[in-house]
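Before anything else, here's the structure in question.
Naming follows writing order (A, B and C), and every chain is counted from residue 1.
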Amino acid sequence: MLDRNHVITAKDLSRADIETVLDRAAAIERDPPERERHAGRLLGLCFFEPSTRTRMSFEAAIKRLGGDALDMGPVDSSSATKGESLADTVRVIAGYADALVLRHPSEGAATMASEFVDVPLLNAGDGAGQHPTQTLLDLYTMRENAGGLSDLTVGIMGDLKYGRTVHSLAYALTKFDARQHFVSPESLRLPRSVRYDLHEAGARIREHDDLDAVLDELEVLYVTRIQRERFPDENEYRQVAGEYRIDAATMERAREECVVMHPLPRVDEIAPDVDATPHAKYFEQAHNGVPVRTALLDLLLDDADSGGGEETVDAADDGEDGRKP
Amino acid sequence: MLDRNHVITAKDLSRADIETVLDRAAAIERDPPERERHAGRLLGLCFFEPSTRTRMSFEAAIKRLGGDALDMGPVDSSSATKGESLADTVRVIAGYADALVLRHPSEGAATMASEFVDVPLLNAGDGAGQHPTQTLLDLYTMRENAGGLSDLTVGIMGDLKYGRTVHSLAYALTKFDARQHFVSPESLRLPRSVRYDLHEAGARIREHDDLDAVLDELEVLYVTRIQRERFPDENEYRQVAGEYRIDAATMERAREECVVMHPLPRVDEIAPDVDATPHAKYFEQAHNGVPVRTALLDLLLDDADSGGGEETVDAADDGEDGRKP
Amino acid sequence: MLDRNHVITAKDLSRADIETVLDRAAAIERDPPERERHAGRLLGLCFFEPSTRTRMSFEAAIKRLGGDALDMGPVDSSSATKGESLADTVRVIAGYADALVLRHPSEGAATMASEFVDVPLLNAGDGAGQHPTQTLLDLYTMRENAGGLSDLTVGIMGDLKYGRTVHSLAYALTKFDARQHFVSPESLRLPRSVRYDLHEAGARIREHDDLDAVLDELEVLYVTRIQRERFPDENEYRQVAGEYRIDAATMERAREECVVMHPLPRVDEIAPDVDATPHAKYFEQAHNGVPVRTALLDLLLDDADSGGGEETVDAADDGEDGRKP
């Protein structure tokens, strides 16, 4: 159903691809797939960097489809520590599994790995690169809460320079013609190359130092973590982090329907007192990893199955009763 | 069926609760549950401390019920190392799973975590605190071997000061009016607070320095490990550990039907020559983790399922044959 | 079907045992087992040393049979670190599972462990000792590619001194009366004891310093890794490793049908340009771990099940229609 076998970057996903996945996810939430839908199928999990929520939600997804996961385990127990190349490792695991999920610290690892395997490969994050299934679940959460994606007004705040989540999301929102407001300290603005690409794609973006400049326009406020290690000294970090932190009082200045999202884990950029407000959707967002990844796997495994066109039975053209045995 | 959704401490379990679980476990051993009983259900395993037998027996239990486990993995690969709070971690994993098992080094962690999740949470050990499913499998092993729990004469030997297993067990045995003999060196006696609580609950307890003072009365001898790190110097440790160690010769002075138990792992507090005697029940005890945890999960998942009353068909009041399609 | 319950060494497997497993594996590849064949069966994975491909292919195998795996996890999270003996650990895990797979750094560990458990135990490598399922998948790959095992001409190159894979394979090939050429540097020749045993068993073996001496006779070239740590200094290592490395140019001097195998992971003993040649079968070989281990588990679990003879229905001898309800 998707245009391609592998899912490497959010950029490669067309608006139609994205809508196909989100529609299937919504259908799956309304009406869970039958247990035997992909019985016996194995999803190879190749996480060269630790992951809790991405790994667990992929595992939940394949199990909800009746299949199972096959986990490479932590990288220090794997053949990679014996000097095996990534290409060899994924080729071997592809021999055991019907699809692969790969997270790797090096940008471009997923693209490279996908050239060596015949089964569908899903990129679950490659360094500073892409993390397309995070983008899909972000979009799904926005669509379910805001009633649609077209023409949405979204604020994205925090570390816009290093956050791969943010770049993938910005490219995808551009396909839906969203208005995007980027809020960050000077030192953590969008990289020039990303800003350039977004402009080329016709994105409607604006950049701000201060959340209050746009807070009352936002339908979605997407917060990301500002990492300590991005700053030369502790004092500078504390000051910046303090300015880009929200709490329940902040949200009183927001629109009533404004949805707060965060890719998690959070440290203290969203105060716990936001959790109890109706704005907080970050746990729902994390949970949405399951229906969205279930939908994606379902589509990819369906594609892998279908060897030919679908059988059509047209009883009207037929003297017989059209029954199949 | 249980009075509560979460299972946090053995203290909270009433005598009736305990009997419900043990009866279900016995039924499950006689007649294994049908494979599809809880098909598709996922049990989230959140072990913030390593565990072999507790984790594996929970995993075996949910799989025996037709469900599956979803393991957070070792804590050094988890979001916790990025500074995520326990409350956030369990809320996220609760979004992927139908029930959670939590082990955590901090006393009170399970109680705190249970306030943040809607699915059943089972405490698998919180620091020096509680470990209620260990207590249930201990009681099950005693009941199966001694023919009942009421009025049982139980010796508990070893580290009575720090051992969470021992405290949970003592509280539970009190509910069955067992006679309890505590055997330990002076420095590892029951904490004053535990002794006080047991007295308040009407426990029939006595304390001894020497196993031989009570060995010939015991129907059950429950041995626990004395840890090296509790002693200031190696010599003192060796001497004490030597005195609270049993071997086949020790057991010749015991009653013929006396059952030897141990929560495992043992180091050398039970000599290997006990393994071949009919007293040794510690491997059976470990194995009993599976039926007991299967029973508990079965009851909790049933409760989570039951939206309404059960259908009753009474053919006698009915003109029809009462068959269901 | 197999003569024994445990699978500890390749030496113990008779030629008939081996053929039974390989035939079943071939049948499984042609016609995958029905999903419910061993539904509910649990395979305990006890890896005291890290493993990617052996562990994952056993896990894939039991899942392809409808069963599931129960993983002890990395050894640093296990009870072994609390001082538990191997005998205790395997007895406990055998209480949770229907069969065990054991990898352990100490030679003889599998034999010792097998004496303590009632369920089938499969040795997945014990130090410098045996690794019989690797041998079975090696033989399967040779048989599938060379059309048979009898009278085959096999070259085995690299570290012949420390490689457990090589010793098991050599014993097994001897049972099929293969011609074996061992190619290695002087310092990494077959251990005297292995050479002696092979001679005693009537093996047809020859030893060489140089691959070119035999390359044009080989139907199979089995390459193994030469480890850096076997050499006192880096220079000597580099020189030796360079001489026992093959690339596409090497293979141009080989027979057209010569099959290149490697137990993986490889470092640089096979150049990547071999991958694209028709000689390269090492990824297929890794993949064959699944059908071979599936076959072995299938046979062992069948044996464990079979309490009685098989029902035979012979409709021809029967007045009735021979249908079963």
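Going forward, contacts are C-beta pairs under 8 Å (C-beta built on N, C-alpha and C of every residue); 3 or more make two chains touch, one makes a residue touch a chain.
As the structure is a computational prediction, the values presented were derived from the model and not from experiment.
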Minimum number of chain-to-chain contact steps, chain A to chain C: 1
Copies chain A and chain B touch via same or different residues, half shared test: different
Rounded Å distance, chain A centre to chain B centre (Cα mean): 40
Junction residues of chain B, two or more chains touched: 68, 74
Parts of chain C lying in touch with chain A, wherever the complex brings them together: 35, 50-53, 55-57, 59-60, 63-64, 66, 68, 74, 264-267, 272, 283-284, 286-287, 289-290
Residue numbers on chain C that touch chain B, as the complex places them: 39-40, 42, 44, 68, 70, 72-74, 76-79, 81-84, 87-89, 91-93, 95-97
